[in-house]
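Heads up: the structure comes next, in structure tokens.
A, B, C and D label the chains in the order they appear, each numbered from 1.
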């Protein structure tokens, strides 16, 4: 009947049982799918798949895309689609690598300047959206093209291999740090999701983001500062893309123009499909995004462990995708009825 | 000249790699003929004389970058065939185009004795991880790093130079006849986001440029990373130089064949000469049809390269000397029938 | 009534869009506690006038006085602060959010350190209180707005106006798209608001409804305020005449 | 009296100025394309040669053909992101049927047409019956098509050595390559269909107001289905051209004569097609495709460094987007 809200007041208590079960299944369809998925892989390869080491592999893969996708969900909730994450990420990582590895500036300085640069790109995106009044999808696509060009220019003037190597000592150690045996990046990812969960559900900022995405006109008429929210969303998406790209480059010891931070069809759509936002904004739950990210990471790791044939692999990926969107579509249809 | 350098490199690296090796050889080792026979139509050459009884039950592990691509699909087939032949356990994973560095952690859980990945974007980090764990790492293709002493596969620079050598042969013949007194350009089809391509075609460009003493203006790099298609770039280049002739080397076969056909479509087939790198079945099929300007290819033989990786990994485990993979077999229109028959049997039509 | 101080007073308000003068030198008074209708044909300037009162548009000239004091209303927030709460024709509700979040849209209650966190509990209680006050029949304050009926939505929008401390509730064509039953609900709602001592500005096309619930009626014609009548002293014919402009010359002569 | 006269006069003059400005902004793409041509004619050697004109058109043909179908779908307010899946599957199907099974070329093309209809139906089923947002639904179907193509090709590229396909591509009726004929034919058919048939009127109506169109008796679902089938057909056609040119089946993960969704998106947006549907002209999109093609062609002829023209293209895109935003606000 209605979607679970994070707080428990005034909830209907008289829902009939079968309906409650259906509601539960649909609301938690993704979680159930994740459990089934884990069960299948665990049966097929118990000793490797179920080990702690692989658990961390799955979580590390999740963290790689998860942080950007989390901020992506925020932007989508506010009704903004950012198609420039891959290119913004690439150019940020390349500029970081240039400062850190070529100019040999200190790590902290290079990092802060690179992040400031990413923030600037986010600001340009939001300027195009707010001042020039271009839909975010188009504005970010345009800026993305420009960023890719910048990334290639910086690489080509500093390297002949298409990559800038990043093997100055402190970086790899910092990225591979473990805290009580858990990789720092994994802890960071969970921290990011927790903070965003609180932000979206328990702060005014979150309430305003949902309102802006749900009905921008209404939000404006009720005194919500829409411009500030758009700026916030796009700036943080750009910064998270930059951060993730630096992380990936640091772990891979080199930065290139193809640093994968969810291209046009990657991160944005994962966020859109799994969180349940759709692409028009106003709804969507961050915890679903997290489950979706982990679901995909388990799929990657499981199929790699089982050495699934490429044919089966692309079929399974395609079908899992279609299945996930079908479930979500049924859920939304039942909800709006 | 560069052949000499190559042989030198070959020798030095063999000696280095075999420093802990056992030089003795007895009847209990496999012979080159046995390997040739076991690898079927590919007839791979033996890289290491491995004993028929291993000192331990070795376990090898490899992350294939993308088995959906025909080259890597063949590498996988060759690896599995070799592992079966030698009777060792082989763990294979497929990162399907994604980064290897995370999956590598899971690969290590199998407690392999020797590991490897494609030397793609994040291989240095993978090699560094293997070094942390004290497991020998053999990167597949491309250079050397401070994290692993083992070099395996087609060194991209050498492959590019081999391609240039073949192309020089073809172009020289044309320059003596119908290309006499024509302005000659070298076209390098590459992708600046892929380090292997930069190395490969870059080396080819340098070798070609030195041989014909061309200036920089006559070396044109057509870079896929710009977002333009290779066809678009080819056609623009053709019109920019309406009277010139072009020698072309692409990073992989398809990247050269498409622009070649675009040039045919533009009516300039007589002005181009192509040598490709890779030499899988599709380019072999095309070379059989004898296109005017498709001189030949450098055959990488992915099946044998995969087979050889297993041999080299076992050699490291056993402490036996192994020779570098020899991937510089040039195939031209002159000998394509013979080579095709060896590999794939008689052509269908 | 005329000896009372107007709660809302407009003096010489004008507004042009390009070369079209939408509102021409309007003077208008609304008194506390009354239900005051604003009627006029399409394009007569009602919406433009209301938007200026609500802070969605800035007038070119003239001044707005609230409770006798000169007010500058540049943003919707300014209007709220002065006790002017509009209920827009499209209601400005976010369909994908529940009743509570819509009630407090843009003005959420917070608690905790630095008032950082939303006070979901208090907002729900307040929502329930206001809905009870206006006799609304919404079974569950956690219901999504998209699943409410037209009348229920109207109640949410009016409830929001009350929660934001609205003393002057401006209802823009609240019955335009509603059925018979729901229309009655809205008219009852207006009645309830009057009994709570609120001032209501009621914009409508429907003269019968206007005659039914209002105290006074003002008519706009071609951007001008052509006159105000006490509901008890006028009839349908006169108002319709004023709306279509046939009484205009007569009125001009009178003034 | 005189007063109001001057006012009216002034009005008319501002109106004229405004109309002129609007005219300029509405047609800025045409103007920019012409200016670009003039610039390159002076600065880029060999730009204004018959060969270069033909080559520029040939190199824009594949992106152009895909954009035509993509545009028609966008006009219905639907986004079709299945381009890469359709390209891969159509190319592999073409290679398998024509080369491996020995199906004659005309029959191959006919069967491909049937396959395109099926692919369009899969996407439209997900969108219409599954009620899934089109961009997401078509990404899903694209994944399935990719999987099928990988399976059909058994992980191998297929070389096409039978000469008929490529000979057909290399034909030059009236001295103009076949791919250019196909490109213009697609846009001509698209133009006539959109502007002079009921289907065209229905497509615009569906895109500009879905529910209004439905209520006025337009079979909106069928319109969307047909649009998706048209897009699948044009994309398959482009895939056949690309396959013929490469002599190889296109393969997942490998770009050959690549059909790039981002390029198609860029051209469509540059051509002024709204993502919400109902707004835009297909002929403008052809010009947009040519604009992009001329830009990279001219920059290459001028010998500009590749990294520089990437940045120039990016700046041109941002500029185009800003101009378009200004235009829409007037």
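The working rule: contacts are C-beta pairs under 8 Å (C-beta built on N, C-alpha and C of every residue); 3 or more make two chains touch, one makes a residue touch a chain.
All of these numbers come straight from a predicted model, not from anything done at the bench.
Closest to the middle of the protein, by Cα centroid, lies chain A.
Each of B-D and A-C has its own count of C-beta contacts, and the greater count is at B-D. Spacing of chain B relative to chain C, judged by their CA centroids, is 77 angstrom. Between the Cα centres of chain C and chain D there is a gap of 49 Å. Distance from the chain B centre to the chain D centre is 37 Å, each centre being the mean of its Cα atoms. Taking each chain's centre as the mean of its C-alpha atoms, chain A lies 43 Å from chain C. Within chain B, contacts with two or more other chains are made by residues 66-68, 73, 192, 225-227.
In chain A, the residues touching two or more other chains are 145, 148, 152, 156, 310-311, 313-314. Each chain pair that touches appears in this list: A-B, A-C, A-D, B-D.
The part of chain C that touches chain A in the complex is made up of residues 54, 56, 75-77, 80, 86, 88, 90-98, 101, 104-108, 110, 116-118, 120-121, 124, 128, 140-144, 146-147, 160.
Residues of chain A that touch chain D in their complex: 128, 132-135, 137-139, 141-143, 145-150, 152-153, 156-157, 264-265, 269, 272-273, 278-280, 310-311, 313-319, 321-322, 325-326, 328-329, 333. The residues of chain B lying in touch with chain A in their complex are 63, 66-68, 73, 92-96, 98-99, 101-103, 105-106, 108-110, 121-122, 124-125, 128, 146, 191-195, 197-199, 202, 225-227.
Contact residues of chain D toward chain A in the complex are 81, 126, 130-133, 135-137, 139-148, 150-151, 154-155, 252, 261-262, 265-266, 269, 275, 305-308, 310-315, 317-318, 320-322, 324-326, 329. Across the interface of their complex, chain D is touched by residues 66-70, 73, 97, 192, 221, 223-233, 235-242, 252, 254-255, 257-258, 261-262, 264-266, 280-286, 288-289, 349 of chain B.
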